[in-house]
Amino acid sequence: MKAAILGTTGYTGMVLSRILADHSEVTEVLPGSSSQAGEKLEVVDPGLGTALSEKSRNTGGKLLSVEQIVREKPDVVFSALPHLTSAEVCAPFFGTSVVVDLSADFRIRDAGLFRKAYKEEPPRPELLEKAVYGLCEIYRSEIKRSDLIANPGCYPTATLLPVLPLARAGAIRGRVLVNALSGISGAGRKTSANYLYVERDENSGAYNPGSTHRHHAEMAEQIHRADRALDLLFTPHLVPLSRGMAATIAVELVKELDDAAIEKIYRDAYDGCPFVRITPGRIPQTKDVLASNRCDLSWHREGGILMLFSVIDNLGKGASGQAVQNMNIRFGFPETSGLRTYGEL
Amino acid sequence: MKAAILGTTGYTGMVLSRILADHSEVTEVLPGSSSQAGEKLEVVDPGLGTALSEKSRNTGGKLLSVEQIVREKPDVVFSALPHLTSAEVCAPFFGTSVVVDLSADFRIRDAGLFRKAYKEEPPRPELLEKAVYGLCEIYRSEIKRSDLIANPGCYPTATLLPVLPLARAGAIRGRVLVNALSGISGAGRKTSANYLYVERDENSGAYNPGSTHRHHAEMAEQIHRADRALDLLFTPHLVPLSRGMAATIAVELVKELDDAAIEKIYRDAYDGCPFVRITPGRIPQTKDVLASNRCDLSWHREGGILMLFSVIDNLGKGASGQAVQNMNIRFGFPETSGLRTYGEL
Amino acid sequence: MKAAILGTTGYTGMVLSRILADHSEVTEVLPGSSSQAGEKLEVVDPGLGTALSEKSRNTGGKLLSVEQIVREKPDVVFSALPHLTSAEVCAPFFGTSVVVDLSADFRIRDAGLFRKAYKEEPPRPELLEKAVYGLCEIYRSEIKRSDLIANPGCYPTATLLPVLPLARAGAIRGRVLVNALSGISGAGRKTSANYLYVERDENSGAYNPGSTHRHHAEMAEQIHRADRALDLLFTPHLVPLSRGMAATIAVELVKELDDAAIEKIYRDAYDGCPFVRITPGRIPQTKDVLASNRCDLSWHREGGILMLFSVIDNLGKGASGQAVQNMNIRFGFPETSGLRTYGEL
Amino acid sequence: MKAAILGTTGYTGMVLSRILADHSEVTEVLPGSSSQAGEKLEVVDPGLGTALSEKSRNTGGKLLSVEQIVREKPDVVFSALPHLTSAEVCAPFFGTSVVVDLSADFRIRDAGLFRKAYKEEPPRPELLEKAVYGLCEIYRSEIKRSDLIANPGCYPTATLLPVLPLARAGAIRGRVLVNALSGISGAGRKTSANYLYVERDENSGAYNPGSTHRHHAEMAEQIHRADRALDLLFTPHLVPLSRGMAATIAVELVKELDDAAIEKIYRDAYDGCPFVRITPGRIPQTKDVLASNRCDLSWHREGGILMLFSVIDNLGKGASGQAVQNMNIRFGFPETSGLRTYGEL
């Protein structure tokens, strides 16, 4: 099993390297980088050290260009490239490799929504039909059959896992009001002043509220697939974490449901899912799932309002972890291969 | 002008010491502590150093017992003691000193609400009539005439400043949905495992949602004074900041209001208020107001929903800063005396 | 293979749980706790979740008392109990289980040194002869044969790995001057005001300098075993990390050595050691080894002085990771079983 | 009194703005910026808010170009520009304004040392004779008479304050071994990946050791002025603080000195200095002096070795605070005007 990473030197790429180092089914890893091809991976990523040396020894432990990777014919390609770049760079792999695209390029079916969010035409719209939205617990059976998996964004993952079971059950109505907190790695490895240590340390606040955040379109489309009548209002916040995401979501119940009924909806939805943990009576915290692929979720009822709480690691279940989970499902590996179910201290 | 602090060694007491050191009208400070009376203040609080030495030299720069403070007949007493303790310890000062009580003991008029929040009878209910709720920008004229000022909680301050002008203007209806983020100092200097560095670092999440947080009662009472018909749903979150608080609030507009109309409501409400800064078009961040007495506020319209954003320093405008602002108003000092209008870097 | 943990709810115990969950040779885990016996582990440690459920199902996934663990006859016992308690509580296991003691109780041979550091008589001095100092890379052959392994402290591990090869080679003389930085978890899960988030955030500084820190005795004894003539001067510092330790060490060269000669000393000493990484020309940083069992080390020559740099995770190679490495060596498992060679992002 | 800031949008410029807002003797502030001239200062620096509006109303509260500032004929110019740029940009002010230069351009007398550290010729060497090294407590009388004050670096300030009194007293010999920890703002507002939140959070380690750090030359020159025979070995470290610096320094005593004798040396040296606080028996921590202009210092004796400990805020006493202290001294203002003697919580 040969896995390639496009964009190995960004944060999602770095986490992919670590997960694949631990993955017993992946025997060869091809780490790609357009800007640093030819460099030794262990030098470029000192934290990784030699953990991938064995699995990348065929290519000298070096970062590879896309062209080199194409020639290696990988079984699976993880693209950790930016949106609007990813679809183009992945083109040579469509048809020969399974592509798990961590960018937004294939996440949104509605071209209008895509245009509104990304200010460009959707790249390769002809492939959208073949792409599956890689929210593993929701689209597991489609993922098994697809060669183009659009890995969800972090905010959508943290939001949809608690919302979709209720929406599918017809248990909620009106507005889905999402407030979410994200660690700084969610912005990627961008050298913008806004993400400097001194600017984010001891700092917190909302940004891009309502439909001004790009993930709004992605979430809205998924929520509407479950229940056309629901509205979405989303406000993201940056908080001083490297990794971690917490969503607090207010929804209105269609009729009174007691805690047991709510728990049953979730248990039914996530039965046999190793990475979703339902914690009635305890509000999950981001450190519970640090560096893991887990999503913990819980709720609080107050009158006819239900508050939902979920946490993920934005680089784990919110990006690279889920990408590997998608590979596991697609290739029939044990779903937990290479992935942690516990949060680091 | 002689000012006493009860509870000097907690976080709000420590910040009071620093503000009073800078205050040009306060010539003498009496730092009180029941547990460490007799100790040198500069030893107990090394960060303060000798900044209060001059103003506390009459009593040898030492922490004083309540009895010693009573004998000194302070003009103003700041009580930074815990709720249900504060009212009792302050008793000897009622009638002789102006008392600014940073605890919850006199914040809530409705005894039933108090009981629900604090699981005890309100202490000294006979004084409630005389107490004023010390949200400076809202109750300035009452504060000028009162000898018992109940300094607001941090969450209520961050919530009420953006909500009350709209509520008073009859511009909103239905549910006021508050999601707020707090720095860890909001919990006080409690040696609980939950507030250890390792447990809060790289950690974030909601706690005590809905009406289970004590500040809910305080906020609800104030919102209902402005508009009986509004509902409140409040969810606090802990984020890894020492100091800082951000509130994100969703309200429903009664009728369509454009940005200019909203700005006008706020400008009218806070005209001449040195510590409220309206920042149309920019969502404020907690570091903007770090170690200051400022509240920055802004909004985002989305359909008929208005998202409100406010930030304060929970130990500044959310506690000790507002306490000194209350003293300034009550004694006719310039309102900014001893208080910062800028946030620290 | 049955492994028990005494003191599962402290930080080192929590990390042990996680490592053992990943360990392919350990099929059963007995999590002990004197204070919370009977509680469900996944409730007490929500971050761990159900990761140990399979391996602890024989005892219902619950925390066990020491008495219960004794009855289970574990193959190996990890004691994460405090010093002066650990030796006593471990007593029933001596002779029947391999004991890896993470406390200081069996680390120091010289009773006088122990007394000076811990202000008490060494407990169970009769066992000291049988105990081996579990610094894996240095005492591997002794560890293979021992049933009582005294797992080293974090500061000693970070210091001795770069110092001992030079000391054994006779390459240095005079004073070994160690300045080390530690994350806050090094203090354990103590609910002292000094370790509260607000007191450690944005705070750094030295503490217990020179021979006033307990780890001084442990380090000094080991350095003197390698070269009687060396002096040790050690200053620890607390910095705002949850996990991580960096040592910066100045030593005087006996004669001029070029970089190649120094590198050779280290390569010879750590040939075949999967957890020591020599990084000539790059000063390692704590995040390189976060949540791993790795020690990275490097140096800088300046005149006749050699500056040594090493980093570990104080809960990884500095505690629980090394404890499992010791088990791996003792039981003949692959040395890296259950342990990471990469640092988390 | 008119004060200009060159480089208002960097971290030292931002702190200067805040200090000057509080300074009772400075009635007008001219905030300069080459890149953002014409922008409103309160928009560019939202944390500052309107705190400087009054003092900058003559020029519309806007950032000014150097040319505009020249026309305003400021009494004092603070240059917070990068080294090798600062001397050139300040040229029009020499002779008409007092210049406090926070860059390194005039700190080093020895042109060879400058060249080695900054890889360029010293700019404007003809002015070096007139420049005074602005370490206030050491060169107070020279500062009073100088129109060109070279404000010291942060590492030199933290190192020289504890070292120089001992060196001048002839109490130490041999090597001065400095290990210092710095907050991330010490690197300035550089958008380099190395200073991103995610790269520095949970990360610590040494960098540029020995004479490879630029501040080495500056420190060495000052130490040699006091005692030609002393050697310097310096290792800086980055730790995850926004602001703060701690130095731990090992020196060898010429003869045995007891604690009283050491304390006397420091008391004599810093008698009447409001910003140096000697704390025998307590090792100072960076948070003690956060956002203040204070340096706290202490020591520990161990055999013939003396460990010195000092802390400053790298942006306070280590940069902008000391710059204003220099202005205060030069213009005969009270030395503490605008500056804090307490650390923020």
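By letter and in written order, the chains are A, B, C and D; residue numbering begins at 1 in each of them.
Simple rule for what comes next: a residue touches a chain if its C-beta (ideal position, glycine included) is under 8 Å from a C-beta of that chain, and two chains touch if they have at least 3 such contacts.
It should be emphasised that the depicted structure is a prediction, and the values quoted were computed from it without experimental measurement.
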item: Chain hops separating subunit D from subunit B, counting only touching neighbours; value: 1
item: Farthest chain (mean CA position) relative to subunit C; value: B
item: Size of the rotation, in steps of 5 degrees, that lays the CA trace of subunit B over subunit C; value: 180
item: Inter-chain centre distance, subunit A versus subunit D - centres from mean C-alpha coordinates, in Å; value: 45
item: Distance between the centres, which are taken as Cα means, of subunit D and subunit C, whole angstrom; value: 39
item: For subunit D, residues contacting two or more additional chains; value: 11, 185, 198-199, 201-202, 240-243, 284-285, 287, 290, 345
item: Subunit B-facing residues of subunit D, complex; value: 11, 14-15, 17-18, 21-22, 46-51, 185, 201-202, 242-243, 277, 279, 282, 284-285, 287-291, 294, 296, 315, 340-345
item: Subunit D residues touching subunit C - in the complex, by the definition given at the top; value: 175, 177, 179, 181, 198-199, 202-207, 209-212, 233, 235, 237, 239-244, 246, 248, 250, 283-287, 290, 300, 302, 305, 307, 309, 311, 345
item: Partner subunit D, residues of subunit A touching it in the complex; value: 11, 183-185, 189-193, 195-202, 240-242
